[in-house]
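Paired with chain B in one complex and with chain C in the other, chain A is shared by the two complexes that follow.
Right, the complex of A and B next:
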């Protein structure tokens, strides 16, 4: 399964803004696109669509701040 | 002796920190000496109240046993019931402490800083449950719990972040910067707590006019008290963070210009940040995650609103079980829910456009709304 496309689709749906597909280095939290509710939706989506379980304790706003960073983390998820 | 509240405390602290600074410049750290410093500061904090000291010791034993047992249990099994039971048991001492004043019973369980220690322990238990924290030595746990600069009122650190700091010794350059920032923060604390907050209290709040029972007095009190609360607590936080830095630990910030918030959500990312992010991560997000997975409630906004309600109710109760604290929590829950609704409507119809003027107006409105919250919090109304 393509992690990149799945993540981008999830982000577009959650942020309700297609800018996340155009600018993959956009700061999701600083720009107000993602908040804690969005974060949870993202984690639930990742688990349902990709089968990767990311606990809330493992989610760090600074490390997961842009679409590109999120994709990279998930692609390297052990 | 309450930490950071008297001249003699600062003098003792300064002397205790000298060897740490000397070692820091040599890129060294002595665990033995650091433990000695923590021991002295804790002793100072509790020495005048022997029963507090006893409660403190018993409490630490209790939490250490619970967490250690849970970490070894979690290696074998992961029952939800056990997790809830352990969490409950670790909250019991705090719960009793908060409940006793309601019945006007003398509090023999509580001690200075009990709620902040409870935040740290519950955090560890939840991280163990999540599998984010797999091993934990007694030494690490005690170092985290007994870290003395933040013992009385936070800021609340995170175990993983804290561990990274105590496991790495800063280079000479890094330490010089930490020391510089630390001293800077401590002096900022003097300005905030002992000059600005003191003046507001002495010259405004404690005057006979403001203490009088007139609407105008209450109105002025509302703003004075809000500013006092900020400068007093931000000042304390600056001391705690500054002292942590000098000891090589980058304790997280607590305030980021809260009176410049553009809305209530923004405010909670700027006010008492270590507490609000704790509640965000360990109450709100977990609740929403749980509900989203179970799919008991279809409407995602309803889930989020119940989450806010739960978060702020708990935060209110945490301050104390008196009515005005609970009302304060509910007030903020209502604000967060209303703002969320407003934000969504605005995304759709865009009636409140974002520009310089609306930004300024938003900051002014938010400021007054926040101050009214603190008036409730102060207990002056009821």
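Right, the complex of A and C next:
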């Protein structure tokens, strides 16, 4: 499964904004695209679509701040 | 309610007990008592001859509580404004309320400093004043009491301007009395505070906590923004009483750690602000088998909440949509049809709340007050605009009559968002549509007819409009999705046809 496409699809659905596919370095939280409730949906989606379980307590906003960063983390998820 | 004497009592009996703890900062009962006494003397002097309310601006700084208490001890109502509220909106509240004193335990917004009519004090100035007036106190006959306003909370208004709900000492006293008698709360427990003080859900934990000599453990917006820190804080909290919106607890439930093992002392869950889904209550029961869950209901206009019910196995099994319960003893609830006649049990109608919890109305706004506040069976009454029905003596909520919605526990008027959207330079007209999933609003969609613009792509225009809106509205009111159309369909009487619009954009 392609992690990049899956994450971008999820982000587009959760943020309801195409910009996440256009600019993979956009600051999701600073730009107001993602909030805590969106984060929850994102983690649920990641578990459903990629089978990767990330506990919300493992979610660090600084490290998960852009589409590219999220993709990198998940691609290297052990 | 002897709120003042209760706090004074704890200051004497348990002087070093922590009253509020916030991100590593705290104040004890002795400190909140002494500091609020000192500051109240200053406020009395400064505001001599005026009965205008005092604005308290900040987030969850412990000094916020001192400012609230100092205001009411000097005979002035306070208006809590969260630091996340945009400056434009803060200015509207200043103008509407006629406030002359602005206390800011947080930093003071730059654009407010020019206001001549307003005396502004930042954190350092408040602390210096407290030090200067140390040991002084105002006499009890100055304290806010009876039918005087205790606090004024501004809430979204459909005209595009927020409106101030006036809550009197008697309103609050009746609420606190109910909280401390009907929810099995005990003295010296630790209470969670998740809601900003500008949202009256916070009143549900703040005043019962202070009345009972408890400790308030606050969860700031920075913690909520970073779940990793949030869980760290929860682990350290040792709380006994949880108060939040259902949305917030649903977020916490996402993590398996969130259980009785992590919060071994948690005994009581209190929910208010939006519908509590059966499934959420069930999950909580499984994770916290020994805790008691209460669902409550009430608009800001009737002082936080007026009905309650303990959600146990029987209730969970019997009602797929959970009831909000029965009214507190000094309140009565009626369900009426469009002609104002009471409907039969099981039939839907508008919920009318009467009795001691009902506010005297909106500050400086007789017109809006007259629309919703009236006398019913000779009791002060409020037309909630909420649709509900009674079944087996229990009240159930079933939506709204107007365009007010709840999103993640926040109450807002779609018309206010639309009014602000239409003011933007690149917007010709706009309608805001709530998007529902399983009868819960998930997000807002703005359907916009744009003016001529130079952006190449729609997402660039969206980013620009969102930036502009951020100056005017709190973040939680900004629509997530923007859709662009060339015109908006109208109904026969010239209003935007919301149903048709929602259909056309494929909702």
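As a convention for this text, the second predicted complex is superposed on the first by the 78 of 78 C-alpha atoms of A that agree within 3 Å, B and C clash if a C-alpha of one lies under 4 Å from a C-alpha of the other, contacts with A are read in each partner's own complex, and residues count from 1 in each chain.
By definition in this document, contacts are C-beta pairs under 8 Å (C-beta built on N, C-alpha and C of every residue); 3 or more make two chains touch, one makes a residue touch a chain.
Just so we're clear, the structure is a prediction, and the values are computed from it rather than from any experiment.
*Asks:* Looking only at contacts as defined up top, I'd like to know whether chain B or chain C touches more of chain A.
*Replies:* Touched residues of chain A are more numerous for C.
*Asks:* Looking at the overlay, what does A:31 touch: chain B (first), chain C (second), both, or neither?
*Replies:* second
*Asks:* Between chain B (first) and chain C (second), which, if any, makes contact with A:18: first, second, both or neither?
*Replies:* second
*Asks:* By the touch definition above, which chain A residues appear in both interfaces, chain B in one complex and chain C in the other?
*Replies:* Overlap of chain B and chain C footprints on chain A: residues 16, 35-37, 39-40, 43-44, 55-58.
*Asks:* In their shared complex, at which residues does chain A touch chain C?
*Replies:* Going by the criterion above, the answer is residues 15-19, 22, 29, 31-32, 35-37, 39-40, 43-44, 55-62.
*Asks:* Give every residue of chain B touching chain A within the complex, in rising order.
*Replies:* Against chain A, the touching part of chain B is residues 126-127, 130-133, 265, 280-281, 284-286, 288-289, 292-293, 300, 304, 307, 347.
*Asks:* Would you tell me which residues of chain A are touching chain B in their complex?
*Replies:* Chain A reaches chain B through residues 16, 35-37, 39-41, 43-44, 47, 55-58.
*Asks:* Which residues of chain C touch chain A once you look at their complex with the stated criterion?
*Replies:* 224-228, 230-232, 247, 250-252, 254-257, 408, 443, 445, 457-460, 462-463, 466, 470, 475, 478, 480-482
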